[in-house]
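The chains carry the letters A, B, C and D, assigned in the order they are written, with residues numbered from 1 in each.
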Amino acid sequence: MKPFGRAEMAAKLAADIPEGWYVNLGIGLPTLVADYVPAEREVVFHSENGILGMGPAPPEDAVDTWLVNAGKENVTLRAGASLVHHADSFMMIRGGHLDLCVLGAYEVAANGDIANWTTSLNDAVPAVGGAMDLAAGAKRLWVMMEHTTKDGRPRLVERCAYPLTALAAVKRIYTNLAVIDVSARGFEVRQVADGVSFEALQERTGAKLHRPA
Amino acid sequence: MIDKRVASMAEALAGIADGSTVLIGGFGAVGQPNALIDGLIEQGAKDLVIVANNAGMDAKIGLPRLMAVGRARKLVCSFPRGSTVFDELYKAGRIELEVVPQGTLAERIRAAGAGIPAFYTPTGVGTKLAEGKEQRHVGGRDCILEHALKADVALVEAWRADRWGNLTYKGSGRNFNPVMAAAATLTVVQSQHIDELGALDPEAVVTPGVFVSRVLHVPYGDPPPGNRRAEVARPEAKR
Amino acid sequence: MKPFGRAEMAAKLAADIPEGWYVNLGIGLPTLVADYVPAEREVVFHSENGILGMGPAPPEDAVDTWLVNAGKENVTLRAGASLVHHADSFMMIRGGHLDLCVLGAYEVAANGDIANWTTSLNDAVPAVGGAMDLAAGAKRLWVMMEHTTKDGRPRLVERCAYPLTALAAVKRIYTNLAVIDVSARGFEVRQVADGVSFEALQERTGAKLHRPA
Amino acid sequence: MIDKRVASMAEALAGIADGSTVLIGGFGAVGQPNALIDGLIEQGAKDLVIVANNAGMDAKIGLPRLMAVGRARKLVCSFPRGSTVFDELYKAGRIELEVVPQGTLAERIRAAGAGIPAFYTPTGVGTKLAEGKEQRHVGGRDCILEHALKADVALVEAWRADRWGNLTYKGSGRNFNPVMAAAATLTVVQSQHIDELGALDPEAVVTPGVFVSRVLHVPYGDPPPGNRRAEVARPEAKR
């Protein structure tokens, strides 16, 4: 079994983003996706804090500290970028103007429910950020996450155990073991990592997997 | 002559009462009115309800210090994680927390400024944050009712300001600042630069002066560098 | 009896606007008020179509046709002006940020109700513009109008007969015969035109007048 | 390469279907996309619901012409007075009218773009325009419930545009244009100028390209002079 590495997951997802899409990448793992979209394929990246047309991280000797992304990392602007305030920025998200949002998650259910903001109802400090707005508002939501927890429990489940972020929102999941669509039938396997059999994948998944129709 | 410039921090923050609801702009370290927050500590108002996107990072300045010295009764916030000060106060039960989705937070503040007392939104439906809220099917989707978040005070950081209170911002320092400026009874601005009236292009003004009460010149400098990018093997050909 | 002329009404109202107020002047008669506020007393005029800090009409040989006010007349910008879009402009109105709005009216009732947008439920073409937003949203609403109709019927009434613009909104009325406050008691006479007795004014008014407390 | 520029009017308006709801920017003669309206007449779509602040003045161009040739089933509008074309059609019962307070109109369109299906507002309470609307006491005032006004098409006039669809406006030509640009499935822009990508200052972009579908270069020129000021004896000392 040769699972996809984080870079490979990001590259795979990036390859599925067509030119012209407006895309919000969640903090953490999803942020890496931008590095794998070649500059000549124009994809416009959005950041919740009011940037449309975000470019890559700046070289260390040319950092503009007035520009941060949602993860508070310094970024750059591409030609064609625009800066707006928070209500206008979330207008893009909540008004359904973004083609794609990519988020990390703790769990995704076979009906598309996503849990990604807090691991327990008694969390010391719950924090949601823009996740609920993005999950409810973007035209499509893709998730990037490890297929199982560190101790081997499935993250793709029949029904989320953790507090939900949004109902029936996820359309596709990129894990270290597979790429899986969420369709009306439930989880549909699009691709598996080298040496991962359908049966081995099912074993590591908490809900029924379907072969593509 | 309309002149909203004030000469001192004391003048800028005069009259802020105990128990006030205070909006604080900024996202990460960018656009945070730290001088005004430090001034507010000096000013002494307590029992405050603070509305801010983050709970702050550096314990020595700004919002975390305000909380550390016990002036905040409650924090209304989308992402309070990452602040050791808030963490400890919250675990010790010494501060209340209202977690609000970031877009709903921005929209609730905007609604207060726009005279919209309440609106429906699909954000949060079916989640813990919808508990106790009216739910309704409207516009083809399940929605919850959210209320305007009106405040007594807004603390704002601007890049340029004139004596009428017209403001511009720099880079991602815009964030919540223009939205909050319109939603408070008293809007106090710390501005990096003060311009002559008429120097700001009317097309480029982001916050018209009608929303601003007082402007203090604070040549605060640039924000500190942001977080480091997550470490990962990078491909040869970066974009 | 020497009624106030239109210019006199406008000057009288203008004298009551203190420096620093943000003011929206309705189309028609109220527009004249701006001419009577001296430039050295800084009052910031707002126009619904997105202008804050409107200046006087331009000289005929220097008209910028890209700048019109709510009455579609060409205007100028003062130093300190700003331009916003319609939703942001009405945010100023509806969010209670304007100190004063001055409107014309067909009728004002003793409880502050105003009727100013259509004279009949079967109007050929009803048109409301921003009147309802202004009447409901501004911190205070003053009305400028003739005291009676051309055929002598009172416009200050117990209860409006024409369709309402807003409930209990008017705070003061400037007519050609008097300046009248709308208080909890009803109509309170502040000032009368030369040669107009209280009794003569009462005769031309459709609701009880009070002498100031 | 993202390129929203189109080379012809036919391309700009391709696919607009009969029965569409069409938002049309402009206030008075300023910021009106008259070339696009004339193009829409050519294009032939009929049974349209038109949303515009005014019904237009000059019968020979733009909106009045669209109505005169019988393409509009209904007008949603705050101030339809002053248009002889509309007047005659309306009196003859050949066009429907929905009168909406101007601020409510702007806010309903903004709500559509912002994903807010409905909101409460005090504007219009107790008036004829509140009839049939849900009323509710909220935020300390009586309010009515207003719904988002989402459209199939928005026709917009801009001053500058780039190939990503970023827009700026000129003077009071901004008005409804940026609000409408965000509220339609298909947003078509006639722009006076086309700039290279990167030429527009990111801080000065008013409509980010995400809201725009197609941009047509129409060096339309300046709007005609506005109305004449009402005649009145002016004081000696003007402000």
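Assume contacts are C-beta pairs under 8 Å (C-beta built on N, C-alpha and C of every residue); 3 or more make two chains touch, one makes a residue touch a chain.
Just so it is clear, the structure is predicted and the values come from calculations on it, not from any experiment.
Chains touching both subunit A and subunit D: B.
Subunit C and subunit D have CA centres that are 27 Å apart.
Rounded to a whole number, the gap between the C-alpha centres of subunit B and subunit D is 32 angstrom. Each chain gets a centre from the mean of its Cα atoms; for subunit A and subunit C, those two points are 54 Å apart. Subunit C has residues 83-84, 87, 90, 93-94, 137 in contact with two or more other chains. Shared contact sites, meaning residues of subunit D that touch two or more other chains, fall at 107, 114-116, 121-122, 169-170, 203.
All chain pairs in contact, by the document's touch criterion: A-B, A-D, B-C, B-D, C-D.
The part of subunit D that touches subunit B in the complex is made up of residues 107, 111, 114-122, 138-141, 143, 147-148, 168-170, 203-204. Per the touch definition, subunit A reaches subunit D in the complex via residues 19-20, 22, 40, 42, 44, 46, 52-53, 77, 79-84, 87, 90-98, 137. The touching residues of subunit A, when paired with subunit B in their complex, are 5-7, 10-11, 28-29, 31-32, 34-39, 47-51, 56-57, 63-69, 71-74, 83-87, 89-90, 93-94, 118, 121, 124-133, 136-137, 163-167. Of all residues in subunit D, those touching subunit A in their complex are 1-2, 112-116, 162-164, 166, 182, 197-198, 200, 202-203, 205, 208-211. Within the complex formed with subunit C, the subunit D residues making contact are 27-30, 53, 77-81, 86-87, 90-91, 97, 99-104, 106-107, 109-110, 121-129, 169-179, 206, 222-230, 232-235, 237-239.
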